[in-house]
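Below are two complexes that have subunit A in common, paired first with subunit B and then with subunit C.
The block that comes next holds the complex of A and B.
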């Protein structure tokens, strides 16, 4: 006598289910991403999160039960963000010649995109939560998630916003840069890093190593700047 | 791997400690990153163990943000309500922001070269 039903529901109720589903969907997303030739809109996070959302909406697996099971991954995020200091340190000597132009374009360019985005949602009568979350749009996802609740926003919405700018930014940046005749490698990388974070940095690396390094630098710089200033400005 | 991860965790907790000590609303992770960055500058080099751990962990950074991203299922009403204006704001700010950042940097570099 075998207990198929009990055994199967044991798997479905297992505290490891969420972890397994996350790892599997992410791995599938990675394969899909590589097969597609790194199309930004097939970013593994997007594919993985979308399929997990679908599973949660369509089955009786609740987000709470899912998150409890996948929380292990979420908890590692803190120390891994700390590790971002290493690529920042490794690329810092690139700034010796360019630091003034770099800081100005990050602060002014980044500031303009952030204020513009916040202002549009505010004037468009978006809810307070949405307006608050918009402030995180130029911070790399991991840090945006950490920061959003402290400034009256929602972590998951921050993740969605940042993914959107990242993916969309990486898609339109090359044509925009061509249109405005921005051909300096460091300038191209900086534009991608400020506006499109990690997805933009991946795209910048395809354009060249200088672009990639400057994109990574501005991603870290913007994240640090926003994470250090925004909580004081907004709370 | 383990040694480096222990050091990263310690810096993370130092970051939390500093943020709490001064009651700064900054995430401990960001504070920890800043402290580690200053430590690396002071030491003028990256300890092997930290380098090894970061090279192992950082490629998986996107994986670690998945669980929090999935939280959007609990906030679908926000997207229903504000989704359109948010998308509009994102696109507009990108179309202005990308050329502006690149143009500024390129202009300043050209001006400095003179």
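The block that comes next holds the complex of A and C.
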């Protein structure tokens, strides 16, 4: 006699279920992303997070149980942030040569995007938590979710805002840059890195290696700048 | 083995970062300080050790997987999004469009200003124009086939 129900509930109760579902949905998302010809709105993180939300809403798998199981992925974000020092160092020659134009466009561009976003949510009568979280909108997710709780925001909202910003930025960047006739590789890369961080960097790498290097550099620089300044400004 | 060595280095640096942040009472996240420490160490050392390179490549290439659990957390905040989706969406859409064009333009302008004020020569590699860099890089790439 077979114990189907016991076997199934064994799977369902497993402490690894959340982790397994995350990995599987991410892999499915990756396949879908490649098949679609890398459409930014089909970004694997979006597809995976949306399908996991659906699973949690539709089944009796609770969010708490899911998060407990998948928390491992959250915990290794620390060493990953440390590892960002390596691409930053590898691109140090580009930074050494053009540090002035690069730093100015990052500080000015990053400042405009963040203050504008915060001001719009504040004027639109958003709650304090949303306003505080908005400060992290243009930093790469790894650092945004680390930073958000410390400045009165929420990590989950920060992750969603960062993703939304990145996907939208990567989606419109090519046509917007064409419209304004910005065909300078370094400028294209920097703009993508400032606005759309990791997703933008992936898009920039598709445009060319110079764009990719500057985008990666901007992403790291913005993250560093915000991580160093925001806690002092807001706490 | 290389991967594990590199991972140990990353974790050691993170530990140093966390300890320093608590010790000095800094509001900066520990991993961020650790990243700066590692960056400075690499600059002093002058090259990236292969162990570090291999673990960094491995974990950074799957970076986006790590954001999923935090992203799923958005379902706990559905209500907030329902109430505030309009200002939040306008803020994200508008600021992204404007900044994309704005920061690219600033970069172009800065580059032009450099060229107007100082003629780029071989003695002044710092002021070489971005166009030149781009050409150099393209040439370098085509050299490698």
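The definition used in the following text is that the second predicted complex is superposed on the first by the 235 of 235 C-alpha atoms of A that agree within 3 Å, B and C clash if a C-alpha of one lies under 4 Å from a C-alpha of the other, contacts with A are read in each partner's own complex, and residues count from 1 in each chain.
As a working rule, contacts are C-beta pairs under 8 Å (C-beta built on N, C-alpha and C of every residue); 3 or more make two chains touch, one makes a residue touch a chain.
Keep in mind the model is a prediction, meaning the values are calculated, not measured.
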With everything superposed onto subunit A, say whether subunit B and subunit C fit together or clash. clash
Once the shared chain is lined up, is A:32 touching subunit B (first), subunit C (second), both, or neither of them? neither
Using the touch definition from the top, say if A:79 reaches subunit B (first), subunit C (second), both or neither. both
Could you say whether A:124 touches subunit B, subunit C, both of them, or neither, answering first, second, both or neither? both
If you stack the two complexes on chain A, which partner ends up touching A:224: first (subunit B), second (subunit C), both, or neither? both
Applying the touch criterion given at the start, work out whether A:100 contacts subunit B, subunit C, both or neither, answering first, second, both or neither. both
Between subunit B and subunit C, whom does A:173 touch in the aligned arrangement: first, second, both, or neither? both
Just checking: does A:17 make contact with subunit B only, subunit C only, both, or neither of them? Give me first, second, both or neither. neither
Touching subunit B and also subunit C: which subunit A residues? 18, 22-23, 25-26, 43-45, 48-49, 52-53, 56-57, 63, 66-67, 70-71, 73-74, 76-90, 92, 98, 100-102, 104-106, 108-110, 112-114, 116-118, 120-121, 124-127, 129-130, 134, 137, 141-143, 145-147, 150, 154-157, 159-161, 163-165, 168-169, 172-173, 176-177, 180, 182, 184, 186-188, 190-192, 194-196, 198, 223-224, 227-228, 231-232, 235
Spell out the residues on subunit B that touch subunit A in their complex, using ranges where they run on. 5, 8-9, 11-12, 15, 24-30, 32-34, 36-37, 40-41, 46, 50-51, 53-54, 57-58, 60-75, 78-79, 81-82, 85-106, 108-109, 112
Name, in rising order, each residue of subunit C that touches subunit A in their complex. 7, 10-11, 13-14, 17, 26-32, 34-36, 38-39, 42-43, 48, 52-53, 55-56, 59-60, 63-77, 80-81, 83-84, 86-88, 90-108, 110-111, 114, 125-126, 128, 130-131, 133-134, 137-138, 141
Quick one: in the complex, what on subunit A touches subunit C? 18, 22-23, 25-26, 43-45, 48-49, 52-53, 56-57, 63, 66-67, 70-71, 73-74, 76-90, 92, 94, 96-102, 104-106, 108-110, 112-114, 116-118, 120-121, 123-127, 129-130, 134, 137-138, 141-143, 145-147, 150, 154-161, 163-165, 168-169, 172-173, 176-177, 180, 182, 184-188, 190-192, 194-196, 198, 209-210, 223-224, 227-228, 231-232, 235
Of all residues in subunit A, which touch subunit B in the complex? 18, 22-23, 25-26, 43-45, 48-49, 52-53, 56-57, 63, 66-67, 70-71, 73-74, 76-90, 92, 98, 100-102, 104-106, 108-110, 112-114, 116-118, 120-121, 124-127, 129-130, 134, 137, 141-143, 145-147, 150-151, 154-157, 159-161, 163-165, 168-169, 172-173, 176-177, 179-180, 182-184, 186-188, 190-192, 194-196, 198, 218, 223-224, 227-228, 231-232, 235
